[in-house]
């Protein structure tokens, strides 16, 4: 009879024990950090978190007297509905002053509408889905959009005198963005797209797709995968099939070549040209300082990448806000501050927020992988200064 | 061109198939003989990959040595796991088996991420194995060639072993009819342990050899589970040859479909599985 | 012949030796009556509402997920169909409700019904094809059905929003004037009420003649064939009903979170719900009410204490449960009671 | 004369080279008490499976009360009163005795598909099931899970389940198989007490049981009907002695 009785009791007790309310510290700036610590982008999440934590570690001393920082980290497990629930709890229960983080565009897209309802500023430090800032007036993004990187590399490819291109991208929204951006850039530059493939998001094996590119013999191939282990897999296929030996140039955005993946991809990467907002090999005092701090904190093995720097800059912007307001600000004050914020010496060079779109304005670098004294380096060969997101200019908000 | 293109795609499919088979065959036998739903089988392949890559990258152990060591280590490690956790559930409720093995998958994933980070493990191949290899009929990726050669060798050894050796005879007997095997005095509990270890060792080999095809990450066991299950289901439970054909089918069909009709890449493999299972519910080689 | 025996029963009740026959008939005839303990889960839920107001979003998701697990219990625990594709129906329901709300019809309740119908239709059609097989083959076919739906949803990103998820859902206030607010009160009671109604229905079905014959099919298919039960039809009906329930639960999540993502069709979701159900105990109608809260609360706690490696602890919990509490929590409780009985 | 309760005409079944039923013409009248005997591998159980629709015949037709049921599925034949028991007990082990029987009764009364009405409200069905338990002398164990019963009791439950389907034709496949001789008497009594109008076919090679229960015996050899007649005749028949009793004597 009482089987279910005991059971339910167990569940109830478990709930009671587990849910004892979190204690609240006085006089603190609470930042809810939503990140994908587990799931298929855990690596990116780790890089981003390291960047954020590093900035806090380095600059906590600079905070105005009496202001404490409380980072409440939550794992969205790479799932939008979980991320949405966490945001809801962070806003409604923990009463955070700011939301920050988010790797995945779907999660950001799920969270953004809540920030409009809860009137909480939301600092996106990665999620690159191009339209996300339009989902809420309280979203501001310090990372990048794929149009920002895909369009310039398309232009650049055309400028190399390459006439034909073949695009091959992962079959989901980000991939579609990259494809569209490159295509626009390349065709604007007078080039012609002779083929476009999309491979399934969960795809262990790229050889067949690379073979298709090889058969088509374009001047340049634009290969795009989300910045994960797929980058290695696809570059292996490129190497195995001797795509470049067949005289096909390969370009992509930095997603194909996160710095920490470079040693794993190995020499296969030499000569690869990508567009991006950051590479560890950038020679800038700000970057040198950043990397020094990074090595101090995480040792020589850990390699920073654009996720780390985006996280770092997100924190920098938040710190500037706190300093400017002594840690006491309303949502509107925060947004007003963010909209006009400028980061003159980010590791990735000067950056700023575009007041109109609340999206990042930054240099986009064309980088080429070279071997410098036995070590692979992603060297900046051309700088396209202060690029605004082209998509928003092509598709103005109604 | 078209010929050599098609060739390299099929060739690659076969290489992929070898990896799939090495990993899946153990699963097929455990499911067939012990009737155990071992969703954690991929963990052993993952472990193999991790051990091998870290031996190579951290201590510079040459590939063949590292591979052998990985297989041996995983096989040994699997013995206590089978004794302490699995054996209690033999012949038990398959749902308990699901719960146990999924639990192991979670734990191993977290452990892997804790020890080696979320980044996938690089496989630094000796220079000879990079790039292409010129065979009579055209150029093929050298590593794929190695995969196929070593895979074929292993398969032959395995099959001969199962056919000829006493141990193999016992395994076949137990798969055919467990009661009978017990009644003729086969120590099945010991047999289970050894078979389990053998399957795990093979999975480790597959995981190691295939580290460049199926990248070694904490999510490995879960992300690739479907592929392994498809191979076992199509091949038919509890036999050695079925999974081989199934793996070839999956591997080759997968890569050729993606080559010919990329827009339907993922659909076709599922459709094929569905069709085969509707046609032969017990798989191509399953006993009716 | 009924009257005299029940009379005898009453007499027997007074007499020394109770008449086991009448007792049997009575025990059997009363089995579907409500017991006091069946109120507990609902009291617990209400208690949670007052004790942990900050956790309403989690609570709502738990309630919706309980419904999902309940749908799984109907096929797995009663019809004996081991499925790894239950997410197909969850997702179908979620997208149905989501698309309606995104294209101008945000009325929640009709949304639920539409979701139920869609999911049921998919369940019925796929069931017609796959339910003829059994064991691993069936498992794989359920899995493949879900996987194909997932691929389709990803391909049709123009409609579904693909990987970015479905945007712009406008869910209207419940009954015209209860907003689904940030604090999730409406959501909580909405989920609570829907779960309660569905639970009543499932309970009714499980105790019906149909439910009994399902149990028979689970226990011994050959026997049910031999007594002339249309096994395939029974299974199909159960599968369809379960699909409808899963669809409703998907719609609940979609409407209360205002979002639908591809993961709602994913294998992980099918697997997790199975795990939660097994943790609670399969085929006993209450496993869902115990396994789901345990799992989701544990996950929420672990992941806020240990954001990166929480799933190690979840895994450990699962392994311990199997080794020490086979048959889930309810199974453990059973054994404790038997053990206690022996000692008394 | 009345239609036969069960009739087969030229019923044949072969698996490749092996023929398990070879043009069997068989007729069972209402109220018959018939035994089907034959050496192991004579095709007795295959015959049951063909008649009940577990196996599709290669050729020939099957009639129940004159109606051709050859094309009908198992369930539909049960509805027409063609019921069997199994050589190895087929029950729901974790359900208790009365529930096993009630399942059958409800199925017959067409309540098995009722999604809404609680099974407990089908009072009449439960009462009927219980009456059958009393008839089988199982009343005391009504609430015990079948798995906990002695095998002999399980065989009785099996018969009770069959009776729950109100059979017109009842095929008992080795009803006392695997039961210690001490208990088999109880089973034989139960069978003797079955309603007279049921056409009964007992498949067995337990001679004591057969000669006690059957009024006519059909001998099946290699899927073919060798001879049919009253027990005395069969016992006397030289061919039967040769192929069957002879074989037994030889043991």
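We call the chains A, B, C and D, going by the order they appear; numbering starts again at 1 in every chain.
To be clear about the criterion, contacts are C-beta pairs under 8 Å (C-beta built on N, C-alpha and C of every residue); 3 or more make two chains touch, one makes a residue touch a chain.
Keep in mind the model is a prediction, meaning the values are calculated, not measured.
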Relative to subunit B, which chain has the most distant C-alpha mean position? D
Per the centroid of Cα atoms for each chain, what is the distance between subunit A and subunit C, given in Å? 38
Where the centres are mean C-alpha positions, what is the separation of subunit B from subunit D, in Å? 49
Where subunit B and subunit C are represented by their mean Cα positions, the distance between them in whole Å: 34
Note the residues in subunit A that touch 2 or more other chains, in rising order. 38, 42, 46, 200
Residues of subunit C touching at least two other chains: 151, 308, 310-311
Pairs of chains, among all present, that meet the touch criterion: A-B, A-C, B-C, C-D
Applying the document's contact rule, which stretches of subunit A touch subunit B when the two form their complex? 38-40, 42-43, 45-46, 197-200, 202-205, 207-209, 211-212, 214-215, 229, 232-233, 236, 239-242, 260-261, 263-264, 266-268
Any idea which subunit C residues touch subunit B in the complex? 76, 82, 129-130, 132-134, 136-137, 139-141, 143-145, 147-148, 151, 267-268, 271, 274-275, 278-279, 282, 308-312, 314-319, 321-323, 326-327
For the complex, which residues does subunit B have touching subunit A? 1-2, 5, 8-9, 12, 16, 113, 117-120, 122, 124, 130-132, 139, 141, 143-144, 212-215, 217-219, 223-224, 227, 254-259, 262-263, 265-266
Which residues of subunit C touch subunit D in their complex? 1-2, 5, 20-21, 23-25, 27-33, 204-205, 207-213, 215-216, 219-220, 222-231, 233-234, 237
Which stretch or stretches of subunit A touch subunit C in the complex? 1-12, 14-16, 18-19, 21, 35, 37-38, 42, 46, 73-75, 77-81, 84-85, 88-89, 91-94, 105-106, 109-110, 113-114, 117-118, 129, 135, 171-174, 176, 200-201
